[in-house]
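You will see two complexes here that share subunit A, one where it goes with subunit B and one where it goes with subunit C.
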Partner chain A sequence: MAELILEVKNLVRTFGRRRAIDDISFTLERGSVLGLVGQNGAGKTTLIKHILGLLRAENGSVRVFGLDPVADPPGVLSRIGYLSEEGDLPLWMKVEELVRYSAAFYPGWDPKYAEELQKQFGLSSDSKLGALSKGQRARAGLLCALAFKPELLLLDEPSSGLDPVVRRDILSAVIRTIADEGRTVLFSSHLLAEVEQVSDRVIMIDGGRIVLNDDLSNIKEAYFRIDIRFEANQEVPPTLPGSIHWEGKGKDWTVIWAGDQSALTSAVCALKGRILTNRGVSLDEIFVAYAGGCTQ
Partner chain B sequence: MRLFISPTDGVPIYMQIVQQVRRLVASGELESGEELPSIRSLADTLVINPNTVARAYRDLEAAGIVTSSRGLGTFVAATDQSTAHGERRSVLKERLNALVVESHQMGIPLAEVQEMLNESYAAFLAAQDLEVPRG
Partner chain C sequence: MNSGMTVLSLMVHRFKKAYLFFSIYMGVLVLLGLTPRSWVPEPLSAVLCLPFGLGLLMTVFGFVNFEADIASTASAYSPWLLRLPIKTRELALWPILAAATWGSLSWVIFAVLFVRPRGLDAPVWWPALMFMALALSMQAILWRPVKRGNIRLIFTMLLSTTIMLFGYIATQMQVRQGVICAIYAAIAVPSAAIAWWSLTLARTSTAGGIRSATDVKETIKVQQQTNFFKSPMAAQIWLEWRRQGKLLPLLTGLGFLAISLPMAAWQDKHIIGYTGKGQAILANIWLTTAFQFLPYIPLLFATVIGMGARVSDIRGTDGNYHLYYATRPLKSQDMVRAKMIAIAMGVAITALLTAVVMILWVSMPVTLSDGTIMTYFKATFARTFEREQWVAIAMIVVLFTAWTWRNQSVGAFVDYMPSREFAMLYPIAVTFIGVLAFTLFRTYNSELRDPKYAQAWSAVMAIALVIKIGSAIVIARKQIRLRPSSKSDILTTFAYWQGAGIVAAISVGLIVNWMHQDGTPSYMFHPTPEIMALMLVPLVRPLSSRLALELGRHR
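For the complex of A and B:
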């Protein structure tokens, strides 16, 4: 088994009465890309704050590279490249100052790579960060997260509000990071098409709990969107093993369904229904099915 | 090698690569001995996970479509006439399987599907001004 970069066990976090994280457990192996998805307020950022050691586990434990990020911040943070939606950059600095400032923090800073990225991103040394466009600021943040070749790249909603060209730069950075052997990526996003494009594994969080945690290819092979016509009007969504979410009324219903195809036709027949279409689904559709309620 | 990947398609990305490479090989657009792009460069071009490309290449190798040797690269496997024909058949078979399932689910009997297939084929030939291929 590959080395575990991340090990979260039975993590709980409450804010007042609300359980922001409600008994979450998962692991992340070296060399893979994990996509973390969930609605706003589902608990993604709270989870990431625990990984960065900014929050102490109320219950359960968090280990990054086998270390406790709260007990050993330098041991953990010096190995994580972090980029958040906000960027958190000192806006009064010039690009060259930011580069010098960041380089001082990380022993593994690679000046040649930093220079290469700066050129590729079209960031001129004497531009003030505060005067840059949102996209260029995101690229500056990305440069800092990448230039010390971190073992774990942690991106929290990196693409929010950015144009497609910058988003592509970010995704390419994810790809190049993972192509360098032994490096790992965790990124959270609500742009599910991006998650589908680059992830090995997907964790979906809803209401502080994990509702889905699997290899993306397994997910794609297990979930279907099925249109069914019933002989009689259905007042409530029918009961069908494996159904996640129903939509429809009268005789025509659509279900997001997961399971073994061979059992499906007879199960639908038993309900006096007929399958009209049956196709694979995007992560977006699965997400809406889980988040949209009406779960059986 | 021209591949078109749609991340939001219901088909997993590795499977899209496998299917498209098989089609390119079956149609002769990729010839035996031709080198496929490296895992890294294909991942870079398509902006997809290299692990996904690696999985697709592994599946293609297991199916005998490509051969790979460490350090040298991945190449389209040498095929004789009958294997190439068999490969074309298996590409087509995948589509037929989907057709069979769909027609069954829609309640259209096999005889009617066959009839529709004949009609489509005749219409295609007429439009192309072609004759029925022999053999």
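For the complex of A and C:
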């Protein structure tokens, strides 16, 4: 069995009366790429902040490399490369100062690799971070997150609001990190096509709970989009075991469905309907299905 | 409502609590002004005046729309307002008129309806124009995007101090009120025009304005990365030096420059004493008057910085820690330690700078009545000071340096506070408590010097000390509960406090003793000054800074 990099057990976190994280448990093994998806406010950033030790677990536990990130911040943070959506970098620093300052904290900092990334990203040493565009700042943050070849790369909505060129840079960085043997990535994003492109496992969070946690290949095999025509008009979405999301009106309905295909036909027949088309779905469609509820 | 009024209402809305409290406060003052003088004792009237200055500055700065760090390069005018499809005339005119009216009218109401009916003397017109000039000049400076934020920070501090001090100094020099008013008006009118122009620049310029983020084109220069820090601690000390440490020597240096300049312009001499041979010693008035204030300049700046006057970049607008700072792989106690070291470096450089400037000042020439020229030092200190006095002076210098470090280092507490609101309230509360304590000491001055009250004063101070130690223990226990590994750091802090407290108590005790022997009546009787020295050595806030960092970094 591969070494566990991350272990979250029964994690609970409330803000006031709202449960931001509601009894979440999962593990992440060395060398895997986990895509974390969910709507705004679903609890992704809260979960990542627990992994970084920025939030204390109210209930349950978080272990990163077997360590408690709150009890031992240097032990955990020195092995994590982190890039956030907000790109909170000290805007008064120059790129060169940021690189020198960041390098001091990581024994594995590779100056040659940092220089290579700086050239690739077009970051001038004497540029002040405050004067850079959002995309360039994201690249500077990415440089700091990658240059010490972290054991765990944690990306929290890194592409949000960025142009396609910067998104490509981030994505290729993730791919390159994956190529390095033994590196692990946790990648939170709204851009599900990107998650689909790089992840080998996906966790979907909704309302602070995990609604889907599986290998991407299993997900693709288990989920379908099915167009059904019923004999009579349906006022409300029919009850079909395994259905996640219905769309349609009258006799024609479309369902996102998960389960065993052999049971599907008989279940639809029992509802006096027939399957018109049956095809696989994208992660995007599954996400909308879980997040969106029924649409008539 | 026209667009200008909408802009104005948005500005007021951002600080609506401040405007509300200030309006209520002014209303209370006006009502008290209508009551007979005997109803409100004079010390209470004086205490009631204290929030005025801070309240007025806060509310006036609302019209400057002060969002940005002064040291940043961007315009302090709200960027989203700059992007709205509103004419620049509307964006500029109404806030300019509001700042000018609010600043001046508040003073007129305060002086005419409260201060004067209380029997206190206060000029009406020049301070009103001073507040107007101050508000408009701040709009002129802060609305303009600049290339170097640090220069704006320095310029803002120098200009605001000069504007505020000018009226006072001019009245001391018997300059006519009309002239002072005319000078302030001469600052205010062009300031308004510059503010308008600055806003136009902020909307169109690429230099730190709203277009800078997308328009900046630069040549890519990638330097070979060398000169890495030896350790994470060294990097953190560098960070804190850049963020806070260097500010004190920089401001003090400029302060010394500003206070030294009038010496060149003001050539009047006066007699400061006589030599043993009966010859009059003639010295520059500014030299002898301002010299005594030199040691207070670093202390003043350290206090202002220590209150968190500069907006902390450790917190975001929501009060949460900036993720980059919070995710440094460093223990929280090392973060605090790095800050303390950076501040100590700044204070040490400042102390050296102060010593050099004071030596330069005492080396200035003075003239004897027979035309002989000698240094100020030789003519005064070298001639009259005994050994004990030099020892006492040396101890005062050490205490002043320690006090400067203390006042700035307690600022760590504000910097780490995970609540932006508390951080904003802290300087107001500290100023209020400080001035209140000072007023009470002034009011009960004779009782402090009366031997029959000595025991009572000691008891009051001892109770305050017990409360301080008790609070420190409560904070320490909470910190240890959250992070058991910080126990040794907490114990070290207590040990430092004890050690520094003992040194401070002995030093203050010796100084008080020396003053008594010198013939100067003792201000307080032992052990009150010793307990006060123990009180002044920081303990609760250094512990709170650890707790604040712990709570902010691991919420």
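Just so we're on the same page, the second predicted complex is superposed on the first by the 293 of 296 C-alpha atoms of A that agree within 3 Å, B and C clash if a C-alpha of one lies under 4 Å from a C-alpha of the other, contacts with A are read in each partner's own complex, and residues count from 1 in each chain.
Here, contacts are C-beta pairs under 8 Å (C-beta built on N, C-alpha and C of every residue); 3 or more make two chains touch, one makes a residue touch a chain.
Model, not experiment: these values are computed from the prediction.
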| item | value |
| --- | --- |
| When both partners are placed on the shared chain, which of subunit B and subunit C touches more of subunit A | C |
| Touched partner set for A:134, first subunit B, second subunit C, both or neither | second |
| Partner chain(s) touched by A:16 [first = subunit B, second = subunit C, both, neither] | neither |
| Contacts of A:55 with subunit B and subunit C, given as first, second, both or neither | second |
| Which superposed partner A:33 touches (first subunit B, second subunit C, both, neither) | first |
| Partner chain in contact with A:200 - subunit B first, subunit C second, else both or neither | first |
| Which superposed partner A:74 touches (first subunit B, second subunit C, both, neither) | second |
| Which superposed partner A:124 touches (first subunit B, second subunit C, both, neither) | second |
| Touching partner for A:283 - first (subunit B), second (subunit C), both, neither | first |
| Touching partner for A:168 - first (subunit B), second (subunit C), both, neither | first |
| Contact set on subunit A toward subunit C in their complex | 52-56, 70-71, 73-78, 80, 82, 84, 86, 88-92, 96, 99-101, 103-106, 109, 111, 114-115, 118-119, 122-128, 130-134, 141 |
| Partner subunit A, residues of subunit C touching it in the complex | 71-74, 149, 208, 212-214, 216, 218-225, 227-232, 234-235, 238-239, 242, 313, 316, 321-332, 483, 485, 553-555 |
| Residue ranges of subunit B touching subunit A (in the complex, touch as defined) | 7-15, 40, 43-44, 47-52, 55, 101-102, 104-107 |
| Contacting residues of subunit A [partner subunit B, same complex] | 31-33, 168, 171-172, 175-176, 178-179, 192-194, 196-200, 216-217, 220-221, 224-225, 265, 274-284 |
